[in-house]
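So, here come the structures, one by one.
Each of the two complexes below includes subunit A, the first together with subunit B, the second together with subunit C.
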Partner chain A sequence: MGQHDVFAYEYEQHDFANGLRLITVPAPYPEVVSLYIVVQAGSRNEVEEGRSGFAHFFEHMMFRGTPEYPPERYEAVMQETGASSNAYTDDDRTVYHSTMTKEDFERVLAVEADRFQNLAYPLEGFQTEALAVLGEYNKDSAEPVNKLFEVLRDTAFDTHTYKHTTMGFLRDIERMPQMYEYSRTFFDRFYRPEYTTLVVAGDVRADEVLAQVERHWGGWVRGSYECMVPVEPPPGGAREAHIEWPTYTLPYVMVAQRAPAFSDESSEGAALDLIGFLGFSESSPIYERLVIEEQSVDLLWASNADHVDPYLFTVMARVKEKERVGAVREAVLETLCGFAEAPVDGQLLANVKSHLRYRFALGLNNSEAIASTLAHYVSLRRTPETTNKLYRLYEAVTPADLQAVAAKYFGEAGRCVITLWEGGR
Partner chain B sequence: MKVIAMRDGSPLVTIQVVFGTGSAQDPAGQGGVAWMATAMLASGGSRTLTYKQILDALFPIGARRSFGGVLPDVQRDDPRSWLAAG
Partner chain C sequence: MFSGMILDPGWRQDDFERLRDDAVNYLEVALRGQNDEELAKDVLCSRVYAGHPYERHNAGTASSLHALTVARVKEFYLAQFAQENLTIALGGGFPAGFESRVRRDFAVLPLKGRNQGELPAAPEVRANELYLVEKAARGVAISLGFPIGVTRGHADFPALLLAASALGQHRMSSGRLFTRMRQLRGLNYGDYAYIEHFPGGMYTLEPLPNVARRRQMFQLWVRPVDREYAHFALRLALHELERFVRDGLTPEEFARTRSFLSKYVNLLLKTKLAELGYAVDSDFYGTAPYPEYVRAGLRELSLEDVNAAIRRHLRWEGLKIVMVGEGMTEMRESILANRESPMTYNSPKPDEILAEDEVVMRRVIQVAPENAVVVGVEQVFA
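Coming up: the complex of A and B.
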């Protein structure tokens, strides 16, 4: 590996004529192959009124079969090959993944190619699946953290599609059974080669994978849809919301600040990632004080989650007593603002950078881990190279950069605070 | 002590220290001694380094230390720092 490349594996990247991209990582872990099919469409792409939650709903529909492989035949192939297979949707992506032995790779690749090109489902199956999604919403709603995120997004954003969660607004989920026609439109727009990247990692040869993908995916027809996602205007002032939770729960407080989009060119996001770790990880002073010493908080984390468009730097604390929520909120805000006021210790920053770099590299210790990690970055920049660029940005961040980014993003104007505690029964 | 090196193309290094003792060697009436001794070795300090010093030494290389079957991965860059702290 190059001294400065955190992604230490050789890889091949190939663009097919139809716009499909293939990234192959021949990894030194025998017998196993992992296939991640990354569609660059998630709840961010749900730009039309009344269609929130559709990307996730569509992920369910992808398991509803084709003329050649009805659901039971698709399942039989997965059973016979012993492939471990699933899918997930979030704001910026929908990912279909399977891990199998190398002997079964082409068979799985062919079945997957078939459903991406020939998906067909009856109205009845569509409506059944819509009810399954409503059930999933109801199940998730029993978890206070999901409600916190739902209200946080709705409060923090006005026009951008990040206003809704991946699950979608309840009012839209309830109308899903009536949207059969629209579901065909959604498939026609986004399940296209120019939105899709295949990541193959494992015991493979890149030239063989290229030929196999050409054979099964080469005839897929390019689409023409361009998704125009609304730009979020500046926030124009602090925002707050409170949730009364109808059953027993510990209280929560969530402090979010508007943050920049993912970038492998600008170091602002990298600096915010480092602040998240320095400020709120288990080795941070506030964690030591609130969780270990005072024990007023039993859960504390911060995240500057990578997003295609500007999103939020979020800190969440679960507080033992409602009376302590105000003090915890102040402690979080003091910690955030503290990064603007004084520089962090240079040696501490160097240690954290080193830790994050090695933790990332060490996480890539099997073929599935390689493919799943790349799937995340590929949905943002469509190449593994973005990981190397990102970790070079981390390397270059100085204590002064942390101060500058904190001063720019942790002001009151971009703040959104959500609280939740028991009440309103 | 016997050293076995297994080379492959991976950029990661896994170091396992295998002791030929386990619960089979627990003396009668003292079941669990082997486990406890291992826990002390993996989750405690030493004569030269406190537990905190060991954690601090491993932190920058992102290595994890555990016992019971899984042992640290370090990047090929720097297995020496793990060997020193381990």
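Coming up: the complex of A and C.
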């Protein structure tokens, strides 16, 4: 831990012979331990046609039991421990997490090790779970932002798997009950130690955790699959799509620009993160104008979401009147291009960097927050050190860097605009 | 900044209009337009408390918001923002003298607010009521419940907390409803049970503090179900509820759930903010700090105590039932006529499940036609 590191906890990082990595963060919060199991496979890894949504579906299957712990027994054990546990999947990762009192840590660790190594479910359980996934799609389908992302990705990407959302295309979800054999292949490929990192944070000793993980996870056999994700060709021009929404909504406009992959070496991504905040946060001039003064927009945000491969810098606005959508879209584009035209004030940039740094550090105020934050970065670079490198990159970004990155990425060629409003009933 | 917000609000007309727009859009766009599940829960609350102050949505109604003026808001502020209505919780590394400064600053508020009178008990719900909200949707969201006389501090609270956890701990896969409805039948994404107000359930894995209420209700949250199976899902939820109330927990369920809750409460206060939030709630209810209160209550419980408390407070008739989705006129007819609602699966099921389905698909739900209403979504909180 360096003096100026943003990740202010000591940690131990250990690689087992089978490729599994363990990161242990003893944290000063008594009695509680958080375990995050990070699998570096998400919807990005769904490379075969018709398999969109499968990584997420598979996350569900991980709760369908092993010979030693059928689902009822797994649930009973987890319930007895009082663990708060769940899982999530996104583009680049699937994460299984539990937070528990320290006396139950090894028990949970052992049960989790069992399902990662010995998962075995019958066809019937598989087909039933496919219905629960469809239920999840149904519950999400009332929200237009989910549809906006679905169409944005489908429009913006041609070959890369970011073309589909983590939930997947509905046509693929509906076919899931027929993919039992493929589910075994998926498990065999990705649920392997070389794809997996355990993050343990809380009231623990690193040496004890190491011995416990060795005991329960040491025998896990390394796999051999390498996932070849198609490379997206350079953007060939601006793209647009429009969605007619069947129920009442305010109109939305989403402006996305192709953006670089996450990096803790190049400062381009860090510069785009800073632009996102300077350009579109609640303290930005466009927010002041559109949301506070004109009151033509009621929601506005920008995101340069970290991704393993090049993804999108996205701005979304919800507009109060359909007639204003064009003007809002122009205002967003002007703001983006403005970053290329003139440098931002140095003091303002310094303030934003300081804000982001404190926000990150203050967010690490309990064991679960530490483990969940690290899970995100670990799925990108497999080490907490990447947070320190990233925040050193933020420190180094200059107003000229912001101009350069805006000029490079905010051109028309890499642009994708999606609008949505009520209609088409 | 914080004291400025409370002690010296801006009262600017343009801010007021923006915030009023936000509130109207919350009701009309976010809730009615985009969140069928939260809508079903909010409508349930207003149906359970029909004629009671809790009937009103916290955000108001679109028409009440349109009629609102800055002057009315200011009048409310002057009447209610009084010291007797204010609780401030401080935690963390604040400097010496800060607490007395805070006390001094807020002493400018009047001591007493306008007399609000006693909050009446919730109206009794005797007969089943069906309140169906028609809107275009892929699934049907279902919420049902009734008022209970138990809040934190009541002798039966720990027992009912355990009962609700066993029946359907929020966002966990261990509860009976989840197991029977989702795990075994794949009907939907999840099914849970509550004995306390729990707003925003889809955004949090754990209960949040500072939504304390003087009156509480029991409710089941059945996440959106395919329209074709919505009648069946409602019947199954009621079937499980009846079985739960009649037979109670098994000794294993009791032991497991008690173990779970005794440990789980320790995980809830993980940040200073949560600790303060729970402290405010404990002050409100007049109980010991929450984890100690729950653990002590659980320690003394027997299986029979829990099952007796279930029988005392829970029931499977006399419910308010809310459904949000498409085809509600047909749904009303189907439920009133108690039409059979067979369940089909995409995979073979054990005989036990198929036999149970035979019973469930014919389960009678007694609803008088005058207690079965279909409304358009645009009429809700209008």
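The rule we apply is simple: the second predicted complex is superposed on the first by the 422 of 425 C-alpha atoms of A that agree within 3 Å, B and C clash if a C-alpha of one lies under 4 Å from a C-alpha of the other, contacts with A are read in each partner's own complex, and residues count from 1 in each chain.
Just so it is clear, contacts are C-beta pairs under 8 Å (C-beta built on N, C-alpha and C of every residue); 3 or more make two chains touch, one makes a residue touch a chain.
Worth saying up front: this structure is predicted, and the values here are computed from it rather than measured.
Of the two partner chains, subunit C is the only one that A:T81 touches; subunit B does not reach it. Contacts of A:S224 after superposition: neither subunit B nor subunit C is touched. Contacts of A:Y9 after superposition: subunit B is touched, whereas subunit C is not reached. Taking subunit A as the reference chain, the count of touched residues is higher for C when subunit B and subunit C are set side by side.
In the overlay built on the shared chain, the residue A:P246 is in contact with subunit C alone; subunit B does not reach it. In the superposition on chain A, A:S354 contacts subunit B only, with no contact to subunit C.
Of the two partner chains placed around the shared chain by superposition, subunit B and subunit C are both touched by A:N365. When the two complexes are overlaid on their common chain A, residue A:E124 makes contact with subunit C while staying clear of subunit B. Residue contacts after overlaying the shared chain place A:E143 against subunit C, while subunit B stays out of touching range. By the document's definition of touching, both partners, subunit B and subunit C, reach A:Y29. Comparing the two complexes, residues 29, 365 of subunit A contact subunit B in one case and subunit C in the other.
Touching subunit C in their complex are the following residues of subunit A: 29, 31-32, 63, 71-72, 75-76, 78-86, 99-101, 104, 123-124, 126-132, 134-139, 141-144, 177, 246-250, 291-293, 295, 298, 320, 365-369, 425. Here subunit A touches subunit B in the complex through residues 1, 8-9, 27-29, 283, 350-351, 354-362, 364-365, going by the rule given at the top.
The touching residues of subunit C, when paired with subunit A in their complex, are 14, 17-18, 21-22, 25, 28-29, 32-37, 135-139, 141, 171-174, 179, 182-189, 205-206, 223-226, 252, 256-257, 259-264, 266-267, 270-272, 345-349, 377-378.
On the subunit B side of its complex with subunit A, the touching residues are 8-12, 59-64, 73-76.
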